[in-house]
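Both complexes shown next keep chain A, but they swap its partner, so chain B is in the first and chain C is in the second.
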Partner chain A sequence: MHISEGILSGAVLASGAALAVVGTGIGLKRLDADRIARSGILSACFFVASLIHVPIGPSSVHLIFNGVLGLLLGWAAFPAILVALILQAVFFQFGGITTLGVNTVVMALPAVICYFLFKNFMDKSPAWALPAAFAVGALSVLLSGIIVGLALMMTEEKFFEVTALVIGAHIPVMIIEGIVTCFLVAFLKKVQPDMLPGRRKTSG
Partner chain B sequence: MREEFAIGDSSLHRLDPRLKIVAASALSIVVAVSTRFSALGVAVGLALILLAFARLPCGAIARHLVMVNGFVILFWIILPVSVPGTPWMHIGPIPLMREGLELAARLTIKSNAIVLAFIALVSTSSVVSLGGGMNRLRLPDKLVHLLLLTYRYLFVIQEEYERLKRAAVVRGFVPKTNLHTYRTYAFLVAILFIRAAARANRVQQAMLCRGFQGRFYSLQEYAFTPKDWMWAAGLGLAVAIIGIIEWMPGPWS
Partner chain C sequence: MKILHLRHWIITLFLILYTSSAAFAHRVDIFAWVEGDRVHTESKFSGGKSVVGGQIIVYDDRSKEKLLEGTTDDQGGFTFTPSRKARLRIELLAGMGHKNEWVVKEEEFGLTPKGDSGDSAPAALIPVESAPIQKTPSGVEIEGAVERILDKKLEPVMKLLVQSQQRETSVHDVMAGIGYIFGLVGVGAYFYSRKRNDKSADR
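== the complex of A and B ==
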């Protein structure tokens, strides 16, 4: 989900850029040199995974996985997502320079929020961890939709119907993202639990 | 997924990446905050001229534009019927409002002008040279490293994903709307993340072995040629003209 170039007002674009700079700054500060390779490769993973389309009825939606990236990287999700968006702009022209800030906030802020809300549930028993994982997936998409909505509404009140449509379109994605995140975390818990926050000493 | 526009030898392909990043940013920002149709018209013209200089395949550009305009189409569907104003024409009983149509048209022109200029200026550089340019524009080292590493492993991870997907298909996996499908994709992505983390450890060790000290070295030289200066002047002038048309009162307003 990207806001295209040329739609938002200057003020909204500037606030998005400012927030993205702050988030990326914090993320980079916490990213020591020996975790750059890890963040870069996980960011590549996020890029590839977000191209996957899963069927829903006659149509299909693409998964986002920003919540998962948040769980795996903490604050470093900000620069990782910024970098993935730069590459998407260069490859596909989804988003561009002026919307880079807003789009980074749209994806990364929910990732970081979900990280802090749910990181302590991840090493609990599945009865706690799996509902939390569902919440990570669903909430990250919902929050992204809400930020998109806010950006549109703050640009132009006439965008109300568009905003409603955008958020409405996110509801099925939320549910599917929640389900997929739930399975994904269950798998990670069995196979590689130290990737999830809680067990390792996190620097998020 | 490939950098299809980065291949070529036009004058824009050879331009200094720093100049391209700065010019594309200035142009995008000016167009993004412009509202007058006259200024936007000049911006579209400028973008088309740049594209002509870049000598890119038209079919590929058209394909990209279609994808990019998905979001914009939403506005064409909704704004003409939702924005209050004077009816301009009717489709059956539904009046289409002039104000809504104008707003949708303005967004579309802006969006496409920026995208076209971005293709001509930024997508004609390889990610590696853009990264080098960003580094020389004093963007944080770590951010540039992250960009270059992500780019380096993007294709590796994508191949890995294709391989896993093929293995699933060979075992009879057909994506449908059911839990089994979602579970399969979840496990697929989970294993992708796990392998990526394991790979990251190996990459990290290999980088340390080769004496990585937090710097990437580039053999590419970044020197402004007279040609770069000419382009810089021309692009600066063009951005200034769009700004003047937008903000100065005149016969065009």
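== the complex of A and C ==
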């Protein structure tokens, strides 16, 4: 879902960069000692996840894990994803430097949205928490697809066509990420429930 | 016990994910080479998966004029005969915001960048020498034949080049990236602890 260089218009690039700066600013402000280490680990996870290629479907897609990042980091998902995207652009030539802002918004905004939608389900019983975890994994990818569609629509392509294409190609990714998020939440609920949101303070 | 089970599941899941495909995704590459009058292109995602139905647009790189368009076939290939032998910029749009391009230089068509003057001297010599014997092929014919044979012989080499053009992500890249992230965590922790120390010093 990385948008390459030279596709988007200047206005889209600029607004994407502006949104990314705001999100990263909020995220950095919310970082505390605990979250710094956690952001780093999850940033590394996001960085590597893009190498896990899902060989289903006509197009070429990979895992994203932005839902997991959002759930465990809240606003700090913005800086974590920005750092990972910079490194992906430099080392893997995924996306590009000029599209960093847009790509950060594509991945991080759904993460934060899912965080606020589902954080209160996490300390509930597994009957609530696990479906919510699946929704976090799947919905974050779905929302990313919609933002990609929006970004491309501003330039040339048709919104519904592109969005349908992106989301269609990512259905396997959505399912896998939903399941992985389920496992992760089930695991953390048993071992380290403090890592999940909703239990302690409610502020991100 | 339960926890152990869960952990096993997660590890197995990741193992399956990793081993099911060693391929890497999410960049498109296009590579083009000239064979006689025609230009062949091959388009692939960075996992080695061919770009099927990708849009290809060919421009004259000097005049920025659009020459032709097409779509890639099932193997990610697309062949065209350009209307002029010039520096071509071949753009690939693989959908969902994927894009890349490749430039075919004039030299690949057997042209020198500034006109075609250097090659004509040896070609002119041959007809003069062979003028008495009627059946000897002309310089142009020999050149054409050699070019055809060379193109045929070079095809596997070009294919090899196509494959080597695709820079696979290496373990080094992954390790380097993770190293950077850990370094940044260190920087973050440093500034955070300084901030806290300043605060406690103020009190």
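Criterion: the second predicted complex is superposed on the first by the 175 of 204 C-alpha atoms of A that agree within 3 Å, B and C clash if a C-alpha of one lies under 4 Å from a C-alpha of the other, contacts with A are read in each partner's own complex, and residues count from 1 in each chain.
Please note the rule applied: contacts are C-beta pairs under 8 Å (C-beta built on N, C-alpha and C of every residue); 3 or more make two chains touch, one makes a residue touch a chain.
Not measured: the values here are computed from a predicted model.
> After lining up the shared chain so the two structures overlap, which partner does A:108 touch, if you call chain B first and chain C second: first, second, both or neither?
Neither: A:108 stays clear of chain B and chain C.
> What is the contact status of A:72 with respect to chain B (first) and chain C (second): first, second, both, or neither?
In the superposed model, A:72 contacts chain B only, not chain C.
> A:64 in the overlay: touching chain B, chain C, both, or neither? Say first, second, both or neither.
Touch partners of A:64: none, neither chain B nor chain C.
> Classify the contacts of A:176 with the two partner chains as first (chain B alone), second (chain C alone), both, or neither.
It touches chain B and chain C both.
> Check whether chain B or chain C contacts more residues of chain A in the superposed model.
In the superposed model, B touches more residues of chain A.
> After the superposition on A, what does A:34 contact: first (chain B), second (chain C), both or neither?
In the superposition, A:34 touches chain B alone.
> Can A:4 be said to touch chain B (first), chain C (second), both, or neither?
Both partners, chain B and chain C.
> What is the contact status of A:92 with respect to chain B (first) and chain C (second): first, second, both, or neither?
Both: A:92 reaches chain B and chain C.
> Scan A:122 for contacts with chain B and chain C and give back first, second, both or neither.
In the superposition, A:122 touches no partner, neither chain B nor chain C.
> Figure out whether A:148 sits in contact with chain B (first) or chain C (second), or with both, or with neither.
The answer is second: A:148 touches chain C but not chain B.
> Does any part of chain A touch chain B in one structure and chain C in the other, and if so which residues?
2-8, 31, 33, 36-37, 39-40, 43-44, 47-48, 51-52, 54-55, 63, 83-84, 87, 91-94, 162, 165-166, 176, 179-180, 183-184, 187, 191
> Once bound in the complex, which stretches of chain C touch chain A?
It comes out as residues 2-3, 6-7, 9-10, 13, 17-18, 20-21, 23-28, 45-47, 49, 52, 93, 95-100, 167, 169, 173-174, 176-178, 180-182, 184-185, 188-189, 192-193, 196.
> Can you name the residues of chain B that touch chain A in the complex?
So the residues of chain B touching chain A come out as 1-3, 24-25, 28-29, 31-33, 64, 67-69, 71-72, 74-75, 78-79, 82-83, 100, 103, 107-115, 118-119, 122-123, 127, 130, 140, 142-143, 145-154, 156-158, 161, 175-177, 179, 181-183, 185-187, 189-194, 196-197, 199-201, 203-204, 207, 212, 214.
> Would you tell me which residues of chain A are touching chain C in their complex?
The touching residues are 1-8, 31-33, 36-37, 39-40, 43-44, 47-48, 50-55, 58-63, 83-84, 87-88, 91-94, 148, 151-152, 162, 165-166, 169, 176, 179-180, 183-184, 186-187, 190-191.
> Hey, which residues of chain A end up touching chain B in the complex?
These residues of chain A touch chain B: 2-10, 13, 24, 28, 31, 33-34, 36-45, 47-49, 51-52, 54-57, 63, 65, 68, 72, 79-80, 82-84, 86-87, 89-94, 96-98, 156, 158, 160-162, 165-166, 176, 179-184, 187-188, 191-192, 195.
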